[in-house]
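Each of the next two complexes has chain A plus one more chain, namely chain B in the first and chain C in the second.
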Partner chain A sequence: MNDFKKQIKKRPKNLNLLSVKFPMSAVMSVGHRAAGVLLFISIPYFIYVFQLSLSDETGFLQAKTELNSPLVKLFLLIFIWALAHHFLAGIRFLLLDLDIGIEKKWAQKTAVLVIASGFIIFLICSVVLFY
Partner chain B sequence: MSYQAKGLQAWFFQRVTGVFMAFYMVYVLWFSLSTELFTYQIWLAWFSHPLMNMATALFFIQLVVHTWVGMRDIVLDYMPGDILRFITLTCISLFLMALSIGMLRILFSLSFNIL
Partner chain C sequence: MRFTIYRFNPETDTVPYMKEYELANIEPGTMLLDALLRIKNEQDGTLSFRHSCGEGVCGSDGMNVNGTNCLACVTLVDSLKAPIVVRPLPGMPVVRDLVIDMTQFYSQYRAVKPWLIVKDPIPEIEFKQTPEQRDKLDGLYECILCGCCSTACPSFWWNPDKFLGPAALLQSWRFLSDSRDQAGDERLEALEGPYKLFRCHSIMNCVEVCPKQLNPTKAIGNIKKLMLKKMI
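Right after this comes the complex of A and B.
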């Protein structure tokens, strides 16, 4: 047991984070987590808008004008990116579970595809929302 | 289920809820894009339909399970210390339960209406 503890103490530590290279699949995975947290935080706001929109006619119109305000639109845009990225990355993970695209080369390519698609959806929605 | 299989259970839940929510969201997107202009009547009728009302309630329950597994993973990965973890996880679970109650209250307040 004592030997084991000594061994743990001797273990080398690599604290220079710049020496760690992030492959695209790792960037995508971190994005998946970050997007997930963002989606989690935004749940209460959507419950609020949902209940406002279903309360009555005026509430519905109120919800509509609220969603059309510039600040909320900006939030919606970030939310849409998070949802798109989380959705696509999730599908990629499901396919990986089925051993589809599991080879290293393809896994990197699909990771890039997920990141790119997320940004393309973001761009399309920003055009639709702001013009 | 044995203790060793608990991780498998979480992994499995994450996938099942993810697939259900994916189908729900594709349907919602399709319906929203194919509706020219949302009026209050259409909006209310949509969520008052028993199937949509139920599907939305199911969606939210799945969302809460999915969020719980995901946030738990993140807290266990990045948060040091048992006490800090315990407090954070308790707060997240209470928060998610409160959100579920709020959401189900809204859905249950709509009386079923088939077209």
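Right after this comes the complex of A and C.
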């Protein structure tokens, strides 16, 4: 009996995430969370830049120069993607709560739409920021 | 056609491994279950998997095929990309090969009390329902408890003992929306807390894999709406 209990405890689980195929709605949801985390950890930096820009004229110019550096622009682009994806995915979840797009065929289409829109906004902002 | 199948024998193996099989002369229209039975009968008698009705009614042969949960008996081999990778349903303890231990799944099902609770004296002849009341059960009662949905749900993988999972919650809504049931308040009270119901984040993996085309996400949303309605 004890051997059997030990055997039960030792039972493996098939939980290799790389072997599981996730639908677009799941990919979008993971993106929603990742974007949320990114937005949250970006808050201190934006407070710092905002505070710097309000300090005095020199501070404002310093903040402007900082925001124009390529590295910060890259960070801003990722931030813009995160904001766009998080916002659009959030709207989609609110619509799901109202039973809009909750049917199987629409759920995947709207998920693709959210992912694609996030990237389109990212591309447009890349052009605006770098050219 | 090449098959890669998850193997684990608790008596001889310490860790699971993938084993390859080659199956020739697969006729058009062959279901995956038939192909697995051929492998078992012609090549490897030790290969273990559950199956019974063979027509998508009993829900015994749920498995993860090429990364997606499905019933082997209603999945056409022609519709799958080779090599066909067959694994047990994810996140459940493996008894042997493709056979999983469903104890946790059934205990979550039992937790929603999937039976009519009637407080008034039971009618002598029959319960009566209007056609409209009966229609509310469509898309809910058809669940065959194959486990494809719950085992496709990350919330169920990480919290199988706390989150009830899509299958159990679909049944919870089935009885909450039944005009004959008289335990709605108790049922809703039992679902309170951060895990049992609210661990669902509407990623809809369950809807994607359900072999009966049911929509547990919608059912979960309906339970949340009913909770809100009762609260107000």
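In the analysis below, the second predicted complex is superposed on the first by the 116 of 131 C-alpha atoms of A that agree within 3 Å, B and C clash if a C-alpha of one lies under 4 Å from a C-alpha of the other, contacts with A are read in each partner's own complex, and residues count from 1 in each chain.
We adopt the following convention: a contact is a pair of C-beta atoms (placed from the backbone, for glycine too) under 8 Å apart; a residue touches a chain by one contact, two chains touch by 3 or more.
Quick caveat: nothing in here was measured; it's all calculated off a predicted structure.
K.L.:
Go through the superposed model and pick first if A:L15 touches only chain B, second if only chain C, both, or neither.
P.N.:
second
K.L.:
Could you say whether A:P23 touches chain B, chain C, both of them, or neither, answering first, second, both or neither?
P.N.:
second
K.L.:
Under the stated touch criterion, which partner chain does A:Q51 make contact with: chain B (first), chain C (second), both, or neither?
P.N.:
It touches chain B, and chain C stays clear.
K.L.:
Counting only touches as set out at the top, which of chain B and chain C does A:G36 meet: first, second, both, neither?
P.N.:
A:G36 contacts chain B only, not chain C.
K.L.:
Which of the two partners, first being chain B and second being chain C, lies in contact with A:I102: first, second, both, or neither?
P.N.:
Touch partner of A:I102: chain C, not chain B.
K.L.:
Taking the stated contact definition, name every residue in chain A that is touched by chain B in one complex and by chain C in the other, in rising order.
P.N.:
97.
K.L.:
Using the touch definition up top, name the residues of chain A that touch chain C in the complex.
P.N.:
Contact set of chain A toward chain C: 7-8, 10-15, 19-23, 25-26, 29, 93, 96-97, 99, 102-104, 107-108.
K.L.:
Within their complex, state which residues of chain B touch chain A.
P.N.:
So the residues of chain B touching chain A come out as 15, 18-19, 22, 25, 40, 43-44, 47, 63, 67, 70-71, 74, 99, 102-103, 106, 110.
K.L.:
Can you list the residues on chain A that touch chain B in the complex?
P.N.:
Where chain A meets chain B, its residues are 33, 36-37, 39-40, 43-44, 47, 50-51, 53-54, 56-57, 60-61, 83, 87, 90-91, 94, 97.
K.L.:
Where on chain C does chain A make contact in their complex?
P.N.:
Touching chain A: residues 6, 8, 10, 15-16, 64, 66-68, 85, 87-95, 101, 152, 154, 157, 201-205, 207-208, 213, 215, 217-218, 221, 224 of chain C.
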